[in-house]
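What follows is a single structure, and I will ask about it in a moment.
Letters A, B, C and D mark the chains in the order given here, with residues in each chain numbered from 1 onward.
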Amino acid sequence: MTLERNRDFGDYVPAPDDDLVICRCEEVTKGEIRQAVRDGMFNVHEVRRLLRCGMGLCQGRTCAKLVKAIIARELNLPAPSLLDATARAPMRPVEMKVFANEKGL
Amino acid sequence: MSETSDVLIIGAGAIGSAAAYYLAKRKISVTVLEKSEYIGNGGSSRNGGGVRQSGRHSAELPLAMYGVKNLWPNLSQELGLEVEYCQGGNLRLGKTEAHLKILQGLTANCVAGGLDMRMIDYREAKEICPYLSEEVIGASWCPTDGHANPLLTTLAFYRAARKLGARYVSGAEVDKLVKNKGRVTKAITADGTEYEFGQAIVVAGYDSGKILATVGLEVPMMPLLMEILVTEDAPRMFTQMLGTAMADFYGHQSTHGSFVFGGTHGFEPYAEYGETKLTSVGASSTCRGIIGYFPVLSDLKIVRTWSGWIDDCADHIPVMGNPKETPGLTIGCAFSGHGFGISPVAGLLLAQLATGQETALDVSRFSYDRFRAKV
Amino acid sequence: MKRYDLIVVGAGPAGLSAASEAASLGLGVAVFDENAKPGGQLFKQIHKFFGSKEHKAKMRGTAIGAELLDEAQRLGVEVFLNSPVVGLYDNREVLVRQGDAVQHYKGDGVIVATGANENILAFEGWTLPGVMGAGAAQTMMNINRVMPGKNILMLGSGNVGLVVGFQLLQAGSKLAAVVDAAPYIGGYGVHAAKIARTGVPFFLSHTIVKAEGIDRVTGAVIAQVDEKWNVIPGTEKSFEVDTICVAVGLSSSVELLKMAGCEMKKDGLGVIPIIDDDGETSVWGVFAAGDVSGIEEASAAMIEGRLSGLAAAGKLGFVGPEALKNRKEELLSALEGLRDGMFAPKNRGKSQDSTSEGLPVSKCLLANGFLDDSETFSYPGVKSVPGLHPVIECTQNIPCNPCQDACPKGCIKVEGKIIALPVFDEKSKCSGCGLCVASCSGQAIFLVNEDLGDGKAAVTIPYELLPLPAKGAVGTALGRSGAPLCPAVVTEVKLIGAFDHTALMTFTVPSKFAMTARFWKNEVPA
Amino acid sequence: MRIKSHPILGEVKPAKSLTFTFDGQQMLGLEGEPIAAALRAAGVMIHRYTKKRKDPRGLFCAIGRCTDCVMIVNGRPNVRTCVTPLEEGMIVKTQYGAGEASK
């Protein structure tokens, strides 16, 4: 979908819960996410690449929906219209030595 | 909003956004079109983050050196975002005499180009990075190399360019370029929107090929799929960019703590161009490479793997310039898998090329002319 | 590469059912599960299941899990535990972590039955130790036999919140309150009622403001919200709790399906795979069954699993078209029964003002978790007759019918569809056996003799808490709301095998409380 | 606190006691249970302190998904204690940040 990205959000109005941690692994706050959207990060992919929310040990398994909802609210869009981050192996953290030890090929 | 701009940039990767930034800084009106829904969704967000001069082709070396000297050190400050640039040096490791021979060749080539780079023995390498396997017998060492975070660098250029007024449109795939009276003057996107321009920069990775083909240009590129992995955070262990003579793997520990490693597994591309699937063997192969050189990392957990496409040029160096056949058009593509480290300087040069300025460095070696039949 | 006719990812209700269905048709099946124990969430589900008796209703999740495992083992399914699937690659190649290696396997068919993740809620203090998912609390108490906390606040009144809330009481914890931002209880009314009658308050249209504490939870503050979910200042209430459980829904664990390239569709804030009625995704030979294909009850997951197992067998030529068709119709019709009624996936979010019988749904039940005493006689299971008789306080269309078969005297009828409200046939003679009381997964059936002849009434309730009182114990009878009514003397406590751990406690109260006393507390009224 | 008797699950099955240490302190757990259960039974709530804010964290999902309960186990950081079985002699430590074993 074509998206014009030079959008005027007006002045940033701090919210009382801007300091709330949203991504528990990388300790990214709601305020940081809101600010990132205003800086032009218009989707889950860009916000996570900028802030690392969803890039920690759990890979966003906990916070993905929360992050999505905050981005959507800031953009004034329905949250389901945003796509999730891509799912990638490994589904659980796996040690290098285990990955290196392949069997059954 | 007007559909006309002084410069139209096709591709919002690190290089496209760097060009947009340097143009917008000069108050030139810029529009950037991005095929993907996401900024920097191609190789710019998928590479290993090397900011490397060593091991470069002699043509690229001056660009890499210029970037390390003039652009990278202040980039975070200039763009207002920490891009995690770390000048920790580059260690390229060898385990056999044959390896050392390769490294010596690379070193001689770079030294000839004026780079501070030398061969070191195991002991010195171990002093630089205490985690090396005892099987390592020597290495090449370039103390001024380093790494940065490609995701942040790309988004920092985008963010800064956008703040300076560059217009960005994502989800806008260019179908074709159109010539008018011998000059390329507009681009038409898949939904039929026409974007007119004084000059266009095509900097769309492998996709540049089909866009350029619409005005008769042909860049000899191959798409290659690379796989990368990232680990859990770990306490800071080392700052160097790492590689091996045989290119078993390459990577570094990022400043936020996780290790990023890429590698090849010897399998030919199996995916359709554009898909970013992974093989079931890629991560395993890279891990074996890493553990062979850094056994201490074997307990480190991998949290994610991904892949990305490289626009590999027939002669493995980029194409940058204004082809004679297509006035109005600047090309920047075929960075062949080593574009990230030179992305700021490439953006700067493309901005200069597109506006008829004298370029900061000689770019004649990257000219499109080199593919023309010699008569 | 080791090849199987069918690889199933996840040994929960859907996965084990799928594996057994396929193995029964001759497929060589492997099941991989990341946990040390099979059964998925079943072994945490210590409550009796709803549904039809053909599909394991009134059995506890734990017993269903054991039965499914037995079946799979009998049919030669290879179940690999401690075997997290790392990735699902092209051509149905499955990479599994086993011990210190990653193993490559190939499935001619692959059924992904990876279940769901708990949703969460972010609020001030939510990262403190002591805030946890309701499922986490369930794992700790029912699997590990460790109390998650002593005083607990439950956020969420869906079935997970209600079921876990009651299980916390069973584990010996105190439940301070059940809180939900919605104005109505989201889960089954009967689940709410069994909590409410113990005296636990429900705070609907309330949200959590903060978890208090410095390095662990020591309290919680909630407040009322308006229609736009904004906190109404001045309505704050504090609780001294050490644990806050979050039960705000589940999300399908779709990562493997996404990785495999299956087409997805939106489902709330997340996505679920697009599947056909066999559970097959857009990728050939890759199926999705159970919660991963959309959140439902485990009873539906088991049938979905069987459908996918059957379809995989059909696709790979293990079953002929006629047999395939017949079995599929049988399974689809069972699934249809479960997907009916006011809690069906298709009716989620719709108003539930009246039952399919045209009876009004109790607003008091929806807002407070209990039926108002004046409303009970509106329902076909509640009638006042002389002598001993069942009182069936089942007031919503839930697909469930074990009570009908439990009564040897034919007192109870679930007519027509399985979602119909049970009807008490006052012409039949109740023998007082109590099987209906123990069979009701919602603990909504009571035996009452409204007049014993001495101005007293006898009330028999299902009781699943410890300690069981002794005969003769004097305590307090509580009403549906949990409010103390009067002193009550325990006259009998019956626990036989057929009751499956649901004790039947009979106490006597003055006759006027016969139709209102619904719980007994071991406290002498002041 | 352990749940010895349960109305549905009955009496707890006897299990072998295992000795382990938590931040140097000797503790007892049971064979077959995850590290997190043994810690919870012993009243330990804090598993780690975060990197940026130094906030305390404990058990959250209990099924190995959220990775909040990670600790340093036998010298290895980021071990999910809710799904890692307790073993005799295990050395379990509070994790600070990415795995520095002390403040």
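Worth a mention:
The definition used in the following text is that contacts are C-beta pairs under 8 Å (C-beta built on N, C-alpha and C of every residue); 3 or more make two chains touch, one makes a residue touch a chain.
Quick caveat: nothing in here was measured; it's all calculated off a predicted structure.
In this view the innermost chain, defined by its CA centroid being closest to the centroid of all protein CA atoms, is A.
Work out the mean CA point of subunit A and of subunit D, and you get 29 Å between them. One simple way to say how far apart two chains are is to compare their mean CA positions; for subunit A and subunit B this gives 24 Å.
Centre-to-centre spacing of subunit B and subunit D amounts to 44 Å, using the average Cα coordinate of each chain. Multi-chain contact residues of subunit D (touching two or more other chains): 51, 55, 57, 60-61, 64-65, 68, 78. Across the assembly, subunit A contributes 21, 24, 56-57, 61-62, 86, 88-90, 92-94, 97, 99, 102, 105 as residues in contact with two or more other chains. For subunit C, residues that reach two or more other chains under the stated contact definition are 34, 87, 89, 95, 102, 104, 117, 127. Arrangement of the chains shown, judged by which pairs touch: all-to-all, with no pair of chains left without contact. Put simply, subunit A touches subunit D in their complex at residues 21, 24-25, 27, 56-58, 61-62, 92-93. In the complex of the two chains, the subunit C residues touching subunit A come out as 1-2, 34, 84-87, 89, 95, 97-98, 100-105, 117, 119-120, 122-124, 126-127, 251, 254-256, 258-259, 266, 268-271. Here subunit B touches subunit D in the complex through residues 232-235, 257, 299, 301, going by the rule given at the top. Touching subunit B in their complex are the following residues of subunit C: 87, 89-90, 93, 95, 102, 104, 261. The part of subunit B that touches subunit C in the complex is made up of residues 270, 277-280, 284.
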